[in-house]
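Listed below are the structures to be examined.
Okay, so chain A shows up in both of these, paired with chain B first and chain C after.
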Partner chain A sequence: MSESRWLATGNFFTSYKTEQRIFLTHIDRLVFICFLAVLFAWPLIIEVGNKYMLVIDSILIAIIAVYGLNLLTGFAGLISIGHAAFVGVGAYTLATFARTLGGDHILLTHYWPLMIIVAGLVGAVIGGIVGLPSLRLKHLYLVIATLSFQMIFQWFINFSKFYDQGQTIAIGRVFWFTGKVGRRDHYFFWYYVILVIVVILGFAVRNLLRSKHGRCLVAVRDNDRAADAMGMHPGFTKVYAFALAGFFAGVAGALHAYLWRGVGFESFLLHHSISYLAMAIVGGLGTLVGALVGPAAILILELQVESLAEFVGHYFTAVGDVATAFRPLSFGLVIVLFLMFEPRGIANWWRMVRSYFKLWPFRY
Partner chain B sequence: MSYFFQLVVSGIVVGSIYALSALGFVLIYKSSRVLNIAHGQIIAAGAFITYALTVFVGIHIVLSFLLSMVITFFLAMSVERVFLRRLIGEPIISVIMVTIGLMSIIDGIIYMTPFGAENFSFPEFLPKTPISFMGISMSWTQMVGVLITFTMIGAFTWFFKASTVGISMRAVSDDQFASMSIGISVPKVFGLAWATAGLSAAAAGGIIGNITGLNFYVLHSFGIIVFPVVIVGGLDSIFGAIVAGIIMGLIQQFASGYLDGHWGLYGTADVLPYIILLIILLFKPHGLFGIHEIERV
Partner chain C sequence: MKHKQFTIMLVALSFLLLLGFSSQVMAGETYKMGLSIDMTGATSDVGTPYSKGVEDYVKYVNDEKLLGDDKLVCFIRDDGYKTEVTKRNFEDFLDEDIVFYLNYSTGSTMALRQDFQEEQIPVLPASFHAGNLEGNDYIFLPIASYSSQAVGLAEYVAANHKGSGKPKVALFLHPSAFGRAPRDDVKKSIDAGLAIDLVEIVEHGKDLDNTAMLKRFQSKGVQYVISQTVQPPVATMLKGAQSLGMIAKTYGEAGKITFLGCHYGGGPALVALAGSAANENYYWTTSYKMMTAKGPGRDAQFALAERYGRDENVAKDANYTNGIMVVQVAVETIRRAKAKGKKITRAALYEEMVAMNGFNAFNSLTTVGPVSFSKADREGVDTLQLYVSKGGLFYEIGAPFASEYVQKIK
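Then we have the complex of A and B:
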């Protein structure tokens, strides 16, 4: 086995332990390390404008949120159309601190890693509460529970004086060891922070799915009665899945608040929930790779659609608002087409490419 | 006291429209177990088609109301044929996600028309003076709307109780394999369920459009309020949808009549249905009239 750990042309596992390894071959690990090195090194070499850096940072934040949604929808089989509200819970946790202590309070600017974790925990608690009906119900009903949470969240922020009726609540610039992170380095700094969190949480998700705490999600999704017979409590497992999703969403929300240096109501609406769902579906539900690829694909699509709408808008001024029309249209089409023709998402293409190279020069 | 009765009357008006909106949703759920998230968009489409036929084409409003019902009937049927037919046999979770995608698509299409951003109102065709009775007033539009709603609900109830097609739809909802074995075409029944849902949605849209004016946001929110209504009524009960619709309408009217402005609360009518929904899901998940066979975890 040891000599073949560089190249694997098939499955030669002799124990479950070897099958559960994160990296099956040395080449896998090497490729991963190189990929990470590129991710960490490229901003030092290539100069990019703040505009593009913001897009890249947003993709990374969306990846964190989609980790959670993917655990919930992909692995536990519970649809959520309130994920943006969970992200909003994380962001508004910071806003609560900003409103009570002031946006430049030392807790927000110096102890921001702590704040990110706190936001994640608050998200987890709220997620668990929303998931409580799953103690009694099967997944179909939980769609409606998440939808109603989305509506309650929107109402709560919109009519609450404390949160300024959903207007932007400013959050100060954070401090690093070198001092205050200035305007020029802002997106650059957060790129590294978010990247590190993405990598840590990615490993966390991967390890979770190797352990019984993650496999129970899949077991309950596939057959809840069998899972019950195996000694898992399906209801608690689902609540736990909601809490996990809430944690990831909360972390993403806190990062969103720091990145945009403020929390506004309009970033956590129903159509954002749908774009998170689109990200998870397009990337591939139930795969970790999907959570990484989906957000990138959808946000790049969004940029393309925006420029297309601008282009079309010049010619068809008589038609209604093309720019607002193209966004939902393209998202909906992407969701429907992927579900109809490639339900396993882009991750499946990645799998096919990989297996092609793994077996090369043979076909199968 | 007359304020109270005024609220009751407008609650019943709004509630009966909720019931009509929920009817189509229940129809689809009953036959195919699919939660149609895009129902509000179909309602909006029905309303906009009615308006377009009345104002842009120039047909009489009653005729265009009926015509839009027919158009939406075939529209919903083709939606089922194109998108959902090939998903029969797939896990129900992906079918629901397809309806979420459909919701987005129809949103996009409506934003492309002038209806996406602007407000329209139907031309008046009923007497403007409201009906007054013991200090309680009700506009003619509301009156006619409620009458149409109850007629439609009655027609649908008859359809399911007595007609062969309706009975076969109920059979499919009960057991697909058994109904296949006695010669019911299950895909056809699914198509028909979507089509009748489209028809009732168009009727609801037309009535809402006449009462509140045409605003995409309002019509769309009627599609979302359907969820609390059907959950409270029990997902697979038409009667439950009617009762819960009226309950929901009353609750909303009382909330906006008595709660708003006190204790710093505003817009409670928009949120109370969802809070009730969550509570009902926790404590009585099969709703008031739902069949108790819902599988527990």
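Then we have the complex of A and C:
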């Protein structure tokens, strides 16, 4: 590491500890603090309609879910296409309380931070159980196992009378120190709650990756036999990777339930799982930045495609089927293009931009 | 010269200012409504003509100045049959200060009902699920519920069955809240004494061939199938039944199956999809007047469709009627509130909606009975009409009726 903590044009680390620092330079830290300040301050300055606040809140929730998927698929190398079901487990944990105690029960409305943690823990337990086949299965076979979980989840909810066969189960409005969070402040309030959780969990992921448990994930991904030979426990590592992914997904599910004020089956279907995977791929698998930008990219793309499909459907009624096909078509195309031309995702663009400024005014 | 130019400019400016002010004085209020509907999703064949009915009637209201100088605006957004998108659309409409909302699917109506309650906004959904009315005060069903329709058809089956014993019936349902809506009420009606034998309840998938299901029906002795779904799966089933020679040529023909359907599972659009399989002897019920029947409603609908350049398929679609009717109700409430000198707000429109009964019931040309709402009864048209297809057109059978057992099990 260079002498100056403000500027560093190269990686000159003198100890392992310096390499593992969260912020390599003071400028990194400053940029991060400024960015965070902007994220916290902009809703106070710019007035945004509820529609767009809902979209922004949904992006933040997706970021939390993709943190988990990124740990599982990006860092541990275990592909899952059942992630929406894990998110659903978190949401349906709240729905279970709502069905048993009532949607306006004090546990749900006053102790909502506790409920979010409980949902995360239930997600972790279910994630660990679903992860058990990973002890025996790899690659495509593991994909099928996670797909099975997705199908079982869908089937279970769809035919369960307790969960009203997937119809929306209402969750009451929560309380804050100032009283009940009303409709006017709803999206605003949850923006801050979710943002705080995104930051906390982001640091948690970053710190996990600096610890031996995080390095175990990467080692098992790269070569589980070599990891085993070096004293790691590949089986345990894989199961806890699933449990971690389940925890993040569970938290995301609980937040989803609170934000949408209800839990409905159709938010946790297979195509949502594929969306989460697309977010991770487009953002950049195995990077924290990827988990942050991937959901934003995919959800904004979805909004644009929706508008385009509506436009086509409205003016060219005879080609309604084309309009219907826009979403899957554009979705598939984006994933394929990223896999072909930028497999490291948008995070790699961020890395290049950072490198440029790090070396500036030199090109190399 | 300069002075002359200046004078001309001043006169022109004054004229423009005068024109501007006078047009402001002449311009009335603008009332905003929103419609979130499926135009590109799983039920777009229903949603598309519905949205065109809404769009055309709003244009008609403005063109014909049915609200005087006031203007009606309806934001129409596609939700692709996804509740998440519907919620987003609804929030968008609220940002636009709508005073009346038109929703579409059963799932989204159920999911958003607490929002409707909090916003205290009158809502007319395209879903006729009786469950929409529970837990809120602001959702109004335009016509008789799916339960009334399905139970009404079952009552007709029970009353007109020609063979011995109870008629054997199967329910063919959409795999969603919309499809399942009348299932429990049919069961409750049977428990309350409705003389049918409910042999099987099928939630269809996306099958393009129903041979196995139809053969199973046959082996179980099913004589009647009541559908509560959209037209494409019914068309697939009918085509399968036709190729297997299972469709009854006359009502209740022994050894064959007589097919019946609720509002969204029939109509001219079904004939267009199923062709000869639905041309004859398909029984269908709805509260809307059928477009093949002659009368002022039919003429007005065709004239409206022609005026705004719609093709024949849209013009005669029951869901085009459906879209027209909900705007008719909204316009009528606005008109009544205006006549009483009220400011047009959500609260004022709600008051007019719940007062729309008795002598104040609204007679629409598009429905078989008057539209009546009250605080206790938010189901609009209470009566249904049974139709049967002959030569590809639907004809009325008997007079409009109301389900007897739905009243019993309430």
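Here is the rule we use: the second predicted complex is superposed on the first by the 354 of 364 C-alpha atoms of A that agree within 3 Å, B and C clash if a C-alpha of one lies under 4 Å from a C-alpha of the other, contacts with A are read in each partner's own complex, and residues count from 1 in each chain.
In this section, a contact is a pair of C-beta atoms (placed from the backbone, for glycine too) under 8 Å apart; a residue touches a chain by one contact, two chains touch by 3 or more.
Predicted model only: the values in this text are computed from it and were never measured.
Trainee: Between chain B and chain C, whom does A:168 touch in the aligned arrangement: first, second, both, or neither?
Mentor: A:168 sits against chain C, while chain B stays out of touch.
Trainee: Looking at A:339, would you say it contacts chain B, chain C, both, or neither? Reply first, second, both or neither.
Mentor: first
Trainee: Should A:264 be classified as contacting the first partner (chain B), the second (chain C), both, or neither?
Mentor: Only chain C is touched by A:264; chain B is not.
Trainee: By residue count, is chain A touched more by chain B or by chain C?
Mentor: Counted on chain A, the partner with more touching residues turns out to be B.
Trainee: First (chain B), second (chain C), both or neither: which does A:49 touch?
Mentor: second
Trainee: Quick one: is A:102 in contact with chain B, with chain C, with both, or with neither? Answer first, second, both or neither.
Mentor: Neither partner.
Trainee: I'd like to know which partner A:113 touches here: chain B for first, chain C for second, both or neither.
Mentor: In the superposition, A:113 touches no partner, neither chain B nor chain C.
Trainee: Take the contacts of chain A with chain B and those with chain C, and give the residues found in both.
Mentor: The overlap between the chain B and chain C interfaces on chain A comprises residues 158, 320, 324, 326-327.
Trainee: Spell out the part of chain A that touches chain B in their complex, as residue ranges.
Mentor: 73, 77, 79, 81, 130, 132-141, 143-145, 147-149, 151-152, 155-156, 158-159, 161, 224, 234-235, 238, 271, 274, 277-278, 281, 319-322, 324-336, 339-340, 343
Trainee: Quick check: in the complex, which residue numbers of chain C touch chain A?
Mentor: Chain C residues touching chain A: 39-41, 44, 48, 77-78, 80, 82-85, 87-89, 91-92, 94-95, 107, 110-111, 114-115, 118-119, 175, 177, 180.
Trainee: Under the stated contact criterion, what part of chain A meets chain C in this complex?
Mentor: Going through chain A, the ones touching chain C are 49-51, 54-55, 58, 158, 165-168, 170, 183, 260-262, 264, 266-267, 306, 309-310, 313-314, 317, 320, 323-324, 326-327.
Trainee: In the complex of these two chains, what residues of chain B are touching chain A?
Mentor: Touching chain A: residues 33, 35, 37, 83, 86-87, 90, 92-94, 96-98, 100-109, 111-117, 224, 227-228, 231, 235, 264-267, 270-271, 274-275, 277-278, 281-282, 285, 294-297 of chain B.
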